[in-house]
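In what comes next, chain A is part of two complexes: it sits with chain B in the first one and with chain C in the second one.
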Partner chain A sequence: MRIDGMGVVGGFGCGISDLAAGMEEGRSPAEFFPLSTVHGELQVPMLLADTAVLSTMADRRTLRRIDHHTRMALLACLLAMEDAGISEPAAESLGIIVATGYGSTCNTFDIQELCPAADMRSFSPIQFSNSVHNAAGAHIAAVLRSRGPNLSINQFDLSIPMAFLTAAHWLAEGRVDRVLVGGVDDFARIMAYHRHCRFSGRQVGDSSPAAAAVGEGSAFFLVSDHAGSQDGVSVAWAESGFSDAPKIPGFDLCVIGADGFSPGEEAYGRCVSGPAACYTHLYGHLPVGMAFDVAAAVLSLRAERVYASAGGGVPMPGGPELISETRPLESGQIHCLKIGAAGGYGRVLLEKR
Partner chain B sequence: MKKPLAPVAITGMGCLCAAGLTVEACMDFLFQGKRFPARPSRFFTDPGAGFPVFEVKSGFWSPERFRSSPRCRTVRLALTAAHEALAQAGLERDLLKQKRVGVCIGSNVAGSVSNPELFGPSESWDNGYPTSGRRFAAANPAVGLAREFDLTGPVETVVTACSAGTDAIGLGAAWIRMGLCDAVLVGGADELYEITYNGFISLMNSDEGPCRPFDVNRRGLNLGEGAAVLVLESEELLRERAGICRGRVLGYGAAGDAYHLTAPDPDGQGLRLALQEALASSGIAPDALAFINAHGTGTADNDRIESRVFDAVFPKIPFLSTKGYTGHTLGAAGAVEAVFSLGCLSFGQVPPSVGFADPDPELPAHPVSQTTAVTGSAAMSETLAFGGNNAVLILGKDE
Partner chain C sequence: MDSLAKSGNETLDIKESLKTIICRELYMEDIDPAQIGDDDLLFGEKFGLDSIDAVELVFQVKAHFGVAIRDMKEGRKVLQSINTLAAYIEAHRSA
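Let's look at the complex of A and B:
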């Protein structure tokens, strides 16, 4: 399936030009922010997304009841449509697939913290509604007036390959002509505390793929059946399995999703023997981070360049050797690989035709 | 949808909910016309508040059946349903390991941070920082099934709220048709959960008494809990092991309302589109359906829209709601009701829509109020969800 357009928002900025600039620059845009904990306020690195531009792209009245989680996803969708040059999708022939690892964490945390008060009946129905995992998909459909199939997937860090796989099936079975497929995750305060506990006492830079800052953001892709297409970047293959990851052919570039948070990340070293790149320093740790790896791979294929990895190729213990300098892309294919924190793997293969 | 898709074989079913702990027990219960809603027993509620629920009977969990020992109730529910389904299918653990078997499960509560097992409130953070992946796995029914049965295929949790179980079956059927898997465990699982319980009350969508789907006095839903798992198999595997086909997924359709986060489109446009896709993909004409298992939650808007659409598209087809027996099991509902639909097709009759007593004069079509004989080999099971998700299955008995 052909990628007709993509939109991204995250700690690196908003839009593919900001992501491309971040890849050129090669350093992490993470900034330190205060995090309130039971131990007091901590300063931890974060990669946060700014969605202010959305108010110029969508009706403000529509946005009133939409939380940050959905705003990120909606913004990425609108940017993907813009990148594809499409303003009004056909209502019934556009499918929407939203992958999320956390769902709307801020909302849900706020609701959960009401539990001890035993007064949950007083919480806001809007807040409850927005905590339901398909809220982002519902809002996107309403804004785009899309009445096609609308799916939300929650398979933690393997949600993205399952989303691409499903999009391919929908197109192959003729259910829709196009699919907006992507992922979104909120900043998770608890994971920032996790990172602080795990990494703050160690000498690791924020650009290391072994200790990414906690991030948030969204990346969406407008895909269509590429039959008859003469050029462009396509998703040639998407898969996920609850088994060991396959060996990646040594001559192809592999973008890996190592961020230091998953047990067994050294498995990247076992299945990637050729050139590897990692860009988690740009978008941070978040379950749907693989969506940004796919976006980075698309930019690489479009520019026919391989961008330097995190921190200029800071070594990752047990991992593959990371590309340290930007250079021409030698192959027309790029693999994106994620080793699942709960087991299993996901792989998306992109190619330029 | 251009043409009908290949049917997919169902070789095993498992189900537990307030109506019973096995498929057979549930089907027996439905035809007794009884129900036992009660106050939630596992979390605090105001004693005078009402809002009964349908809980799964205690003691459903039999740890000796399983190698894993999950703490999460939703995972236990899913494992129990899967155990029954695999036993009926006759699929042994050794064979499951050798084949490409996937899992596609709909859930609501098990959706990541919704579950307090995964991330508690910040006061508890001091009790050791979490490893999110491990906690996700511990609370996720799809991962729970994959781990228990050493499955190596794709694993997916569908979180389209109340239509998740229906969507999971439709998506899993595609995995078989596309050659991705030899078999797929599909279905839904959800435990009763404090946040959803209070959330529906805050939305003023819960009935303070037992729910009354399609009744003039309906005031909302009752929440329930449960799980249902179906085994879908490729024709190749079915032939190879001489398995028994017990039904088929004939069609699936899904469409969005693009209207409102919690209120359905008053014209039912999304539901109509989902129905059209499901019928087209099955190749079944609307008048060939034996019956419709409606979503029928007992909320004013949901029942009104379903009644209007049924009257317009299926004017002579009997329909029922089983929510009065089970409560609304959210992410499990589509799967539980798919199993009920297959059971009713097999029996050649549908049970009364318990809770329905006085027809609403504003509704053009009404559900069956007594046990009703049905003819035909295909039935429709449909679900409407938060976010305007509509999902429809056409299910057939094997003939």
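Let's look at the complex of A and C:
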């Protein structure tokens, strides 16, 4: 399954050039923002996505009822198509797979907070429609006029490998010629508060994986069947499971999704014996963070170089040794590995042909 | 005379509120409330509102003015313009 194009938006900026610049720079772009809590207003580091550029890429009237969650996903999709050099994919033969761990949390939490209260005046039909789980996929399909299969996948932080696996099945079955597959997650206030309680002693700019700020964003990939193609980056394997994670061959680079939130992250150290890289300081903690690891791996394969890890390679307790300096890529394969918060693992293997 | 003037001001307030509601709650960010004429067709080409907007507008009228538009046939007439909406709200608010 070949990756024809990819689009990203997150706390690091918008587009693959911003992600590449962030990987070059190696510093966390997190900023402090106020967070209202029962204990008053707290200043919490966040990695928030700006989707303002979307209004220059799509009709404003079309966008008017689309909330922030869907805007991030739509923007990433349009950027992926732009990267692939495709303006209008064939309506019937484009599949859409949206992976999300939280769904449209801001919207959903706002609605849930209203439910037990007497004040139902703000329970707007438009707001409710955006809280429906497949809202992002439906809006993307409407904007792209896609009539192909459309699916939302939710397996928390292991949603991304399952999404890639599903895309590969669709392509193999000949159901579609192309799939827009990726992930999106909103900023989660609850996780930001959790993060504050757990890491409040740390500073912004501390880019060790154990201190990832809570983030939001979206990364999408336009993929097609690679049969016959001679070049490009492809997804060679995708899997998730609830047994022990597989051992990654020592000669291959592994991009790990360690962000300090999941118990058992020392498992990365047990299954990665070779070089490892971690870029969670750029996009933060969010369930579909693995989509950004895949994007980072694609950038590395395209440029044939490995970018230095968070904070120039701050070692994690019990974790693998992280690459501290940008250097040429020695292998044509990169593994992306995520150890799940509830156990299990997800792995995506990328290779350059 | 005073009650007539009061009634006129109330209608004006309702119209201004409706225009603000349409721009803000229906996310018509590219339209200023002043651009909406009292007799403009709300569900015509000019503003591009659709059936989802109609549902939202019915909800917003209930939320802001306490006036319910329950009947579909009646709703078609009521939602035609700012003037028809304001007249309906005024007639049913005190009823």
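To be clear about the criterion, the second predicted complex is superposed on the first by the 342 of 353 C-alpha atoms of A that agree within 3 Å, B and C clash if a C-alpha of one lies under 4 Å from a C-alpha of the other, contacts with A are read in each partner's own complex, and residues count from 1 in each chain.
Operating definition for what follows: contacts are C-beta pairs under 8 Å (C-beta built on N, C-alpha and C of every residue); 3 or more make two chains touch, one makes a residue touch a chain.
Computed from a predicted model, the values in this text were never measured in an experiment.
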### Task
Report for A:Gly40: first if it touches chain B alone, second if chain C alone, otherwise both or neither.
neither
### Message
Looking at A:Arg64, would you say it contacts chain B, chain C, both, or neither? Reply first, second, both or neither.
### Response
second
### Query
Once the shared chain is lined up, is A:Pro328 touching chain B (first), chain C (second), both, or neither of them?
neither
### Task
Check the residue A:Ser124 against both partner chains and state whether it touches chain B (first), chain C (second), both, or neither.
both
### Which partner, chain B or chain C, touches more chain A residues
B
#### Entry: chain A residues contacted in one complex by chain B, in the other by chain C
65, 121-122, 124-125, 129
#### Entry: Residue numbers on chain A that touch chain C, as the complex places them
60-61, 64-65, 121-122, 124-126, 129
### Sites on chain B touched by chain A in the complex
1-2, 5, 44, 46, 49, 103, 108, 111-114, 116, 119-123, 125-126, 129-134, 136-137, 140, 142-143, 146-147, 151-161, 167, 171, 174-175, 177-178, 180, 194-195, 198-199, 201-204, 254-262, 269-270, 273, 277, 385-389
### Task
Spell out the residues on chain A that touch chain B in their complex, using ranges where they run on.
36-39, 65, 91-92, 96, 100-103, 105, 108-109, 111-113, 115-116, 118, 120-125, 128-135, 137-139, 141-142, 144-158, 162, 165-166, 169, 172-175, 188-191, 193-194, 197-198, 239-243, 261-263, 287, 340-344
### Residues of chain C touching chain A in the complex
25-30, 48, 52, 55-56, 59-60, 63
